[in-house]
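The two complexes that follow have chain A in common; it is paired with chain B in the first and with chain C in the second.
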Partner chain A sequence: MGDPKEITTIQATTILISTIIGVGVLPLPLFAVRAGETSAPFVTLTGIFLAALGLFILAYLGMRHPQKTIITYSQDIIGKWLGRIFSIFVICFFLVLTSLAAREFGAVVVTGVLRETPLEVTVIVMLLLASISCRNNINVFSYIHNFYVPMILAPVLIVVAFSLKNANPLYLRPVFLGNDLRGMAAGMLTVSALFQGSFIITMIIPSMKSPNKALKASFWGILISGGLYLLIVIATVAIFGPEEIKQIFWPTLELARTTAVPGNILQRLDIIFLAVWVLAVFTTLFSSYYFTIHSLKELFQLKDHKMLSYFIMPFVFFLAMLPQNILHMYEIIQYIGRAGLLITIMYPAFLLIIDFLRSWRRKKNVAKPT
Partner chain B sequence: MWQNQRELKVAISLLFLIPLLSGCWDSQEIEQRANVLALGVDKASEEERKKEDEISHLGKRIPIPDEEMIKVTAQIAVPGRIPLGPQQPGGSEKPVLVVEVVGHTLEDAMLNLQQEVADEIFLGHLRIIVLSEEIARHGTARFNDFLRRNPEIRRTAALVVSKESAAKYMNLDPELERIPSLYLADMVDNLSAIGKFPPSFIGLFWTIYSSKGQDPYLPYLTVIEKTTIQLNGLAYFHGDKMVGKTNPLEIGIFMAVRGVGRGGYGAFIQVPGKDESVLVRAVSRKTRTKVTLRNGKPHVSVKIQYESEIDEKESASIELSDSAILKKIETESSKSTKKAIEKLIAKTQKSKSDIFGFGEHFRAKLPHYWNRNVKTKEKWDEIYPEITFDVTVDSHIHRVGMKSK
Partner chain C sequence: MSLFRKKKRNVKKPQLLTPSKALEKKGDTPTSISLMVKIKEVKELLGNNEDLQIKEFKIFGQYPAASVCLSSLINQDVLNQDILKPLMYVPEHLKGKEKPLNELVHLIVTETVYHSQAKVAEGKEQLIELMLRGESVIFIDGIKDSIHIDTRKIEKRSIAQPETEQVILGPREGFIESISTNIALLRYRLPTPDFQVKTMKIGRLTKSTVAICYLKGIANETVVKEVEKRLSEINIDAILDVGYLEQFIEDNPFSPFPQTQSTERPDKTVANLIEGRVAILVDGSPFSLLVPVVFNQFYQTTEDYSSRFLMGSFVRLARILALVFSLVFPSLYVSLISFNPELLPTEFAVAVAGGRAGVPYPAVIEVLIIEVSMEILREATVRLPKQVGGALSIVGVLVIGQAAVEAGLSSPITVVVIALTTIGSFATPTYTAAFALRMLRFPIMILAGIFGLYGVMVGVIFIFNHMLSLKSFGVPYMAPVSPEDSQGMKDVVIRSPLWWMPKRPEFLRPSNQNRLGLNDNKVLEHNKVGNDQREDAANGGSKGDHNYSSDNDLN
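Right after this comes the complex of A and B.
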């Protein structure tokens, strides 16, 4: 732990926001509408609550072990070897998550914007950017996130605000359509899987100035990013209607394509939106990449994470190239995302329970002799 | 040669940057692409069908019969001849090139078009797609797939139905604008801005088409003389097939029921007790649509509040000098509007075309009824002719212009 503890609460919040907002914003309305039709905002909201629960558990765990990350305190809680085995799972999962994010980014760019550019190039450029930036320490990491957050939030809000001119509130009703509860539950899991980047909090806490404010930071982080996601779902559903959204891969991008700034200043906003979205993807990728190598470093008790940065890039790239096509990719993303909730929510919850039991027993043991 | 290691490193890393100088894969010079500005889709005639070569298919192994082949007329911008500002002296050369191709589907026709044009076809500037009435009546769904799938197409492009062949619109030479397709597109955009037509663009058409409780509508254009286009009504659809058109004044009535606030149409209202009439123009409206079930049958109540203004009176014998006569004109105008609305709704009911989106109100506000009895778009189109409705119109005339009598 050579890094100075400098991350403020606001910085922690911005890291969470820019990590959570990523590639997921584009297909999010499609996932939500597939699950709940007009109750898509409701599905999104439940997904956000589930994600918030997971995040709070992690933040609370981190506050109980303010010097350590999940990789190290899990070894204290459930034993050295068991902790290490679970940590390997966590690291592998984030390795896959990084590669899928890069691949999804590549897929959008190749289909929507740069149609002649090979997929491999867009993916490699993104990964290269992330791996170069990952050679910095955690404070630089937090500055980068802090710097980009306003640029990520503002344009999305602008697109939403201008697009509401064409909105039809009828598309949002009935708010709760109880046709397919199982589908809605699955949709809830898919939506909350889009928030998995928030796992990064466990890595930030040891470097925070005041780790006991981690819960506050995660509350604001999930409130802002979740609020933005909810806003996007509401806006796209109100404009396209559930049936039309089912026909589009990336409703959010389509929203930007339909929206014009009044007065013929810009006839479509998708170029601005895409430029920003590249930033959002970068910060997400950056976080999960950083988390992967940082955790590897802690697992093997290395002094420095820098050399790992280039070392794992071929693996990430290889994993990113595995899906055969865009449909296959989204099947994998939804599957991995839902399965990943076991790692990002269930595992921390399990750790927290054991931790409680241990401290309770310790207290009892301490109480007895006296 | 190199003083030290550092310089060598810099030089090598600079070498790596050289390949980037050529730009990216997608770079394309603007004069090297064929910007398609407008497309016109017609049904291919007998002899035109024979012109098709084996470009996207060999022999006869495609499921679409030759009878349904389409003729696509594309208007392509000629590089350098598009005037950039309004002050440029107008040259005599035509700024656009018009190419005709045939095909079984839209993409098929595009592939055939590419075979005839040297530059790569670019659809990002496509402003308007004109469908001839014949094609629209035959069904538009088969064009939607290509247009949705292609990332270059703008959702804000206009889609219109034409009375004449669509090819005629591509060859039109309007005086007001140098580029014919831009004039056409402005025709649609500006007319909806001044309240002559509800908002209409291809994305909206798709949205309405896919949603369960409403049917789409499009502007219906016709050519008058050689260079003038008229907005001749509103083409209404049953599913993806055009089933009829309204007359221009009914567009205003449609907008009132649909709840478009901006008014723009004026109508002659007979002054009670006299033979003469005044011209009353709608300024704005407010619409409230309520849906209920009456004995298990769907019922719609529409309440419309008009803000109008008197634009002109027909003869000197009408005295517009006290408020009592305005009150009378108001009631008369409400009555005639109400009648027109009822007529229009009945007309669309006959052709099972719910362009007003009443079905959406039922889906949104009475979900239990919808889930039990309707559920699908087809079912709603069956129910729509059966629904009952009542219309309440309430007009207010607040302004009469600068004249006191």
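Right after this comes the complex of A and C.
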């Protein structure tokens, strides 16, 4: 913990943005359309609000305990052993999240670009990249995120901007209630599950220069990443229409494929898009990987997290290889994602309530004798 | 090992660990009183040398004495005219005065010798060392103290234009080998008492003078201390160039990226000092070493700042493009050709395929062959004498390139790609940084051959992550991009107009940040007459224009 507290608010914001934007960019319109048909953007928006709620709870909790991460302050709030048990759940969940992100990435690369390369190789290369980068301290972690954010945002914005000329606004109507409510609610959960990376904020707050600005950072983080997600959904739905999207696995990739750069510099954009998307995946993977080993370090009260970085790689790889095929993988992803909301939203909310109660009781106890 | 430890303990003494240790054994004992003994002792140590010059004479015709020096190092004229003459021939004002033996040394130093660098010392070790540095020592019979006078004269070349960093606009001076000249070049540009030069001696045999230059009140004190600390920990026999120091003080010696900047230009050194950096000079090296550095300064030149804003920015953009080219262009080519030819416009793809028709190797092998031969060619042209070099590059580039294409070793497009890459790497102004990218090109090329664009991306991410994790004397290497710094960002991609940058870059954590004076200068306001575009302050930066450089001091 000897690192100086140097993470600025902008860095915290960029960490959130680049962590949130990840593998989910590709299947997002599909999830949204399945749930809400033409009101996919609305479903996305509600999902973003739910995710924002979870993030704000976390940021607020962090600001109440500015020296600690969720692993350590949960032990203060709900007791040492209960806190540790819940922390183990959190760590396991992020371990799974890391491996699923790696697997999803591998699946896209194998289907989209390198058809003859074995899935294992692409996944291992990505995991190696993440685990080597994880050996740095938390300041370097924030530099890395901060550096890549413009490169993550730019290609998506370019693709959306160039493709909008084919848009058909009719595909977006009706805006609300394009589907039955239950389906839309389920979709909302799936979409907000894509924002689970924002859990990283609890790890950053103790290293921030001014932890009381965490709420501001998370607001901007969710605004920019959520805005981008919304933009993608609107663009894809407006261009392909809900029926078409249901036939495609990765509508965003398809969007990039239909886009042409003026001047015929490059015949197709999708490969370039995928290449830059590797960056987005890397930052997400990097975050969840880092969170896992950093939390493990805190749980076991170790001095250094470097050694853990290689140590957990086989586990991540093993978990990544478990799903049998793409369909199975996306089933798991949706299931794990929704279940994960229990950990990423309900658990912090629970902590916050107990924390409130405790401080209220403490105040009352203090007030009585005087 | 025990030898080193012993040295560390008495580090205060001038280090002298000559291999024969003849001097060490004697230690730093005072010389004896007798002149004969003193001369004998010097002869014992230096007697084998042809250039040891011992001249015995009588001071004021009275006291026997001897001047001892190494004739190859000294200026004989100074010795004869300014030292020996007034000593042997009693000066006017001293005639008739009493000259007692116990006041003789004082009398000589203050009233007789015409030399500003006359000093008194008694340690034998110290005297010998001074003699080896070109001073003349005067032993006097019956006195323990000896007088040593700086009569050093070393041949040096004249100040010339720097060979490696040419500019079109800007000063033409370059550093030379002599450190005193180099410091003079810096002082000439920085006539301020804040300019500090600390010196130390490094190298057991070479005892090279190392100067740490910085601006007090601007440079960060912790950086200066860190530089001193790292330099004082060096224990090596020889420092022949500033590059030796670089390897001892850099943060990550195994990184391909340079973590210090060496420059031949005094103006660049001064510009960096003013930004808050520390410069290290070594006697015998025409380079100064600047720390801490960030990556973006490797593609900046002094010319960017001396030319107008648009010019400087345009050239800088071109240079950044060249930098990117030199790193990824061949690997992009490889991955497009062998993995994703569908990205290319159809006509071009057909042309590429036609060119590659006769080539038996896969694209990555072909590119690697040509790249390696290009590296050999480049190294050869550097080593060859100038007269041959031109001829060789013509033979190498034109003839071999043409022949390789005709022989079916490579396709014409490959040659074009490699040529562009090579030219791109020449456009990077700093040799060391260009070299880093030159080396890193090969692993990326191999990755591109295996994984296509995905491989290129992984390679690039890997390199960037490494760069982001580097630090140079506590300053993150990729600052001011990440960690972000709005003042520094104005000078990264474009070179903003000077009045847009009123503060020094914050990432160097300078003690004083104000570069421009406050808005109390009216010079540019007067220039506005008749130029209605700059009439009001909201109209493009005229509010910040009020800098004045006339009589403000540097702070």
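Simple rule for what comes next: the second predicted complex is superposed on the first by the 368 of 370 C-alpha atoms of A that agree within 3 Å, B and C clash if a C-alpha of one lies under 4 Å from a C-alpha of the other, contacts with A are read in each partner's own complex, and residues count from 1 in each chain.
By definition in this document, contacts are C-beta pairs under 8 Å (C-beta built on N, C-alpha and C of every residue); 3 or more make two chains touch, one makes a residue touch a chain.
It should be emphasised that the depicted structure is a prediction, and the values quoted were computed from it without experimental measurement.
Asks: So in the superposed three-chain picture, is A:254 touching just chain B, just chain C, both, or none of them (first/second/both/neither)?
Replies: The first partner, chain B, only.
Asks: Go through the superposed model and pick first if A:9 touches only chain B, second if only chain C, both, or neither.
Replies: Neither partner.
Asks: By the touch definition at the top of the document, which applies to A:268: first (chain B), second (chain C), both, or neither?
Replies: both
Asks: Regarding the shared-chain residue A:241, is it in contact with chain B (first), chain C (second), both, or neither?
Replies: In the superposed model, A:241 contacts chain B only, not chain C.
Asks: If we overlay the two complexes on their shared chain A, which of chain B and chain C does A:177 touch? Say first, second, both or neither.
Replies: first
Asks: Determine, under the contact definition given at the top, whether A:114 touches first (chain B), second (chain C), both, or neither.
Replies: both
Asks: Which partner does A:282 contact after superposing on A: first (chain B), second (chain C), both, neither?
Replies: A:282 contacts chain C only, not chain B.
Asks: For A:210, select first, second, both or neither according to whether it touches chain B, chain C, the two together, or no partner.
Replies: Neither partner.
Asks: Would you please give the residues of chain A that touch chain B in one complex and also touch chain C in the other complex?
Replies: Common to the two interfaces on chain A: residues 113-114, 117, 267-268.
Asks: Within their complex, state which residues of chain B touch chain A.
Replies: 24-26, 148, 151, 154-156, 199, 203-204, 206-207, 210-212, 357, 360-361, 363-365, 367, 371
Asks: Show me the residue ranges of chain A that touch chain B in the complex, using the header's touch definition.
Replies: 38, 111-118, 121, 166, 168, 170-174, 177, 179, 239-244, 246-248, 254, 257-258, 260, 267-268
Asks: Tell me, which parts of chain A touch chain C in their complex?
Replies: 6, 8, 10-11, 109, 113-114, 117, 122, 125-126, 129, 132-133, 136, 139-140, 142-144, 146-148, 264-268, 271-272, 274-276, 278-279, 282
Asks: Any idea which chain C residues touch chain A in the complex?
Replies: Within the complex, chain C contacts chain A at residues 339-340, 342-346, 451-454, 456-458, 461-462, 464-465, 468-469, 476, 478, 481-484.
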